[in-house]
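Have a look at the structure below, then the notes.
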């Protein structure tokens, strides 16, 4: 019992730590690829502590409630994802619930940003939602392929199945889906070339523009958790999860670095270009995977 | 020419009917159309009479018993025709009365120009 | 013992009494028509129980049936004569106030004559007598259409007259041919002698009679007069023409086809099929023409054509359900259409225009009248809980019960007609209630005298719609009588 | 309390309200509220009762009868509750309008007719009430005049087409089986030929499909929803349109009387697959079209179509694969959707009431500050529509998705899921443009919505959350409906489901979210304080900015629209409009038969006669 409660408390913190580490890593690696020195790895932590003690500007209760909702949503999603053998909320609805709880984060940000009443925010959110629509098409196809293939909606069961038959990404239909997931991962994480919604030079970081102090802190935590969630989901679904947290972390790290290379190397796409891309190759791959799986099943 | 002998009334009757119909169809003038109606009526009446006609029959009136079994024409069509004539007259009278009123409204009796009521 | 002859003699007598009495006082004329019509209703109701058992056959002049003119007051005859008298009564009450201009005594006389003719047609058992009553009906309606003396009225009356005269000539030729073939004018006698309706000598008179009667019954290619006449006549006359005259024509067709020529579903002839197709054609043409109308009365007139088509279709199916449904539809159409014309009469009287768009906002100014119109329109479309619903239901049911593809297609056409009908009636209802219009119209109800018939019609439509059993019994026996040729012959000839 | 009495109260109430309205408007309002609440009370007391009542009306020799069982109770309680809330909402909304007597009595009449539909146990009384509902609806839709007239026409024409089809179907059943009692037809149909069963399905499918606005038959809906008076739109969207769902359940019962025994005929399965696919189509296209709308009510109306697709998908799929989870999900979604959409329409109506009828999404904004209750209603409403966890829509969608995936139909599931994303985009636009962002100057001093509007919004908001947290309450009744339909019973607990392939436990979810939110809130609270500043301070940095200009609303998803707009036309509507135009044109052509020239009329007569005789001479067909 105590162990279980400990899982509940510690797991989000670990996830947060990994996420924050990834944030730092992202800046560092990008800088190095671009022949810069870059900030220290702990820079995000320093920033966050500073945000915590900084005074900030608010725009009313919805401004805060949205952010809280968003952050809470992300943390709950984390609880649903197996991390190695740790999975506090395994029996509460599975992947479908994850899919829906994942909605809380963007919805919360959108709500809070909407109250910010800054055109840059509105533009950013509108782009974010459009982009989401863009990557959700292949993403949903991928998830459906996995769920149909293993005939379950529980992530734990997907992970267990892979323990017996090997990684999903190594089997034919799911290989396509896995590649598709990798292709859309930058978009899901908001990395270049898909950082239209936060484009700093264009719309002053979009949704984040009115945030300062604790608001920015929460937005940062939310982003860190997002990195963890999307990558952990990939590892769980396609790379066989892991027996222990360390292996799991290593797998995540590899995937993340892969994404970072793309992030560092590509310029930003316009939103239409992004959608067009997302609805072309990743969707085609995911669709092919799903069709093969469906045919194989029947 | 037995055909004509036997059927001359019918031919005449239907000839009149057709003439009447033709008049109504072709003539633009209302009065002529009404005349056509009159001819049509006459044709019909003639036809009715012919139905009951018997060659060389007498009037169907029993006044003298000694006349005995002489062939008589059928009395029923004659009764019918009487009625039909009366009706025909009524229709004609009404039609002509209406024609006068119509002329007052339109200043013409040309049926093809009197087409305000249509569609 | 009441005699069916009274049903004809009394209104006829009163009709000719009117010009005499109006010599005494100009005002008296308008109060006379209700008296004989009330009388007729009473007599019809008194005759009803006997008629339901066995048709009451009366020979005029005491001659043997077959030699004399006779009246056959069976369930159909009594039903229709009661309806004629009833609708006539209500319309005559309405006319007390509505008809103010012109030679009112002549109007009332012609009105009674028209109803006499209609009653005669439905009661007579002699085919020439049928013709005579028809002529009484037609001539008085020509005159009534022209009653207002305006341009439209006169024009329509002339056209009506020409077509009507041609039609009755054809009818008369047909009757003459029948007489030539069978030597008798009694319908039962002819029916007895006639064996095969398909042989050519019999078909020709049938074609002539159907064409002749079809003019009056508004069958499809023969109804060119109807939209003009019904829309140009004064509204009470339109109500009678649409509500009674054409129905009577349809009854005559049914009587001739079923009784004299003995067509039935199991006979070898499929002429009934043709009539059914013609009915649906009439229905569709009527409804389609009504759809684009801007003139409200003309729209109602076209809708009458459509309804006649539906009734013809129902009758032509010739099953007991179908004929009962057809007669039910006849009753519900009579009530609804009479109601519609009566309400429209006062609406257009207030707006001084027949345009539908001119009726905008009248729902606020004449609430009861508009409500009555709405109920009438809903009933015609066949919406529950109004009288048109059970009748349409019966017809559709009968068509489906035939289990023949042709009838399935035809009833599909009929239902399509219903949709079109709904389209134009609902449009008018919207105009009445939901369009802001002319605010100059006086906020004035219809006078009480005219309101009485309107309200009675509404009550009947709703009442029959909710409790159709009220008349279904009578309708079923009427349908049985209309279809059972053998019994008819036996009853008349003894 | 037997069904006749209930209907008597319902219909009598409608008439009484009208009469009272002539006396005094207060009396009328009171009567309307009292009657609608009385009906709610009656049905609440009737929970779990089963009644079957036949009464002879002498309607053409047909037995008319009523029944009350799980399915009718479920729909009846929803109808009366939503009806009562709408009536309460109307009290202020309709106060200064014209013809309120008419409005209230029609509202009650529509409710009564819907009650009649769900209570009737034979098809003829079903049809009678169905038609009454149709024309009452027509009158209410047309109430707002102007553009509402066209909307009303569109509605009634499609509705009449549907009911005409249904009439043909009902009478065909009657002719075939000589009964119209639903249970008896169900047992008779078991022995009918598969072709006939398919005919019945298709013809009723058209009727109910039109009412439920399934994709190619949906075109009446957007205009009607948008133009009807808003409280009535709530009823229209909440329950009236969903009579189609009830119809589908009924027809499932009728043709599926043999589900338990011999199994469904293959035609039934095929039909239901087609239905499920149509449902999927109905989910995707309308929700994407909804994004294009700039009119709040139009936007919600398109969601009305889209969410109807979920119900049809759930029910059709459930029947096709004998999966009670999908079926229950479809039914549950009907209720959930009804609650949410009524809430949303009420929230729009509250805004309309205060702003003087404005519902253009580009001219509102920032109203959260002025109308918090309406905002909360809208927020919970859209959450339910999207299906955010802990709202009721989540549970029903979860049930359907799970069934779709585990039965191996990922494409249907994909349609449903992507529909959710379409929903998110459009409802966020709705919420943002109306309640968030910059408050326009002219609405600075808007008053709060009155209590009679807040009350229904509050009640429905709590229902959204309650059914989201404790879905077992309605699911128990729905489970009974499933067993009535011959499906296997579900393992329902108060907080969700337990099963081997995936459990749903809303309690865990609730606990997790509440605890985590609390933690986050504490963290938030412990951090340095924040200052509330005017919305434009930060952005403008003290410089003058024209205040009404910088609320980013118009063309909210412009980049997406430029891509999608060519594909998001309502082709069906265009087709119908063209069809109606050509029908009107051909009707105009037919009218030319009546030339006005008496010569041609006489020609018709002669030609008719001549052709009759000639045809008989030549071919002797008769």
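As written, the chain order gives the labels A, B, C and D, with residue 1 at the start of each chain.
Everything below uses one rule, namely that a contact is a pair of C-beta atoms (placed from the backbone, for glycine too) under 8 Å apart; a residue touches a chain by one contact, two chains touch by 3 or more.
This one's a predicted model, so the numbers in the text were calculated from it and none came from an experiment.
J.: If you average the CA coordinates per chain, which chain's centre is most distant from that of chain A?
T.: Measuring from the centre of chain A, the most distant chain centre belongs to B.
J.: Nearest whole angstrom, what separates the Cα centre of chain A from the Cα centre of chain B?
T.: 99
J.: How many angstrom lie between the centres of chain C and chain D, each centre taken as the mean Cα position?
T.: Roughly 43 Å separates the two chain centres.
J.: Let me have the rounded angstrom distance from the C-alpha centre of chain A over to the C-alpha centre of chain C, please.
T.: Spacing between the chain centres: roughly 78 Å.
J.: Roughly how many whole angstrom separate the Cα centroids of chain A and chain D?
T.: Centres of chain A and chain D (C-alpha means) sit 36 Å apart.
J.: Which residue numbers or ranges of chain D touch two or more of the other chains?
T.: In chain D, the residues touching two or more other chains are 591, 594, 596, 598, 602, 606.
J.: Do you know which chain C residues sit against two or more other chains?
T.: In chain C, 158-159, 162, 166, 227-228, 289 touch at least two other chains.
J.: Could you tell me which residues belong to chain B and also touch two or more other chains?
T.: Those would be 21, 24, 33, 116-119.
J.: Can you list every touching chain pair?
T.: Chain-chain contacts present: A-D, B-C, B-D, C-D.
J.: Contact residues on chain D for chain C in the complex?
T.: 57-61, 124, 127-128, 131-132, 134-135, 138-139, 142-145, 148-149, 152-153, 156-157, 160-161, 164-165, 167-168, 171-172, 174-175, 583-584, 586-588, 590-591, 593-594, 596, 598, 600-602, 604-609, 612-613, 616-617, 620-622
J.: Can you tell me which positions in chain A touch chain D when the two form their complex?
T.: Against chain D, chain A makes touches at 12, 51-60, 62, 64, 67-69, 71-73, 75-76, 79, 89, 91-94, 96-97, 99-101, 103-104, 107, 110-111, 114-120, 122-123, 125-127, 129-130, 132-133, 136-137, 140-141, 144-145, 147-148, 151-154, 210, 213-215, 217-218, 270-272, 275-276, 290, 293-294, 297-298.
J.: So in the complex, the part of chain B that touches chain D is made up of which residues?
T.: Against chain D, the touching part of chain B is residues 21, 24-26, 28, 33, 111-112, 115-119.
J.: If we count contacts the way the header does, which residues on chain C are in touch with chain D in the complex?
T.: Touch list, chain C to chain D: 158-159, 162-163, 166-167, 170, 198, 200, 203-204, 207-208, 210-211, 214-215, 221-222, 224-225, 227-228, 269-271, 274, 285, 288-289, 291-292, 378, 381, 383-385, 389-390, 392-394, 396-397, 400-401, 403, 411-412, 415, 418-420, 422-423, 426-427, 429-430, 433-436, 466-469, 472.
J.: Show which residues of chain C lie in contact with chain B when the two form their complex.
T.: Residues 128, 132, 135, 139, 142-143, 146, 149-152, 154-159, 161-162, 165-166, 168-169, 172-173, 175-177, 179-180, 183, 185, 227-228, 231-232, 289 of chain C touch chain B in their complex.
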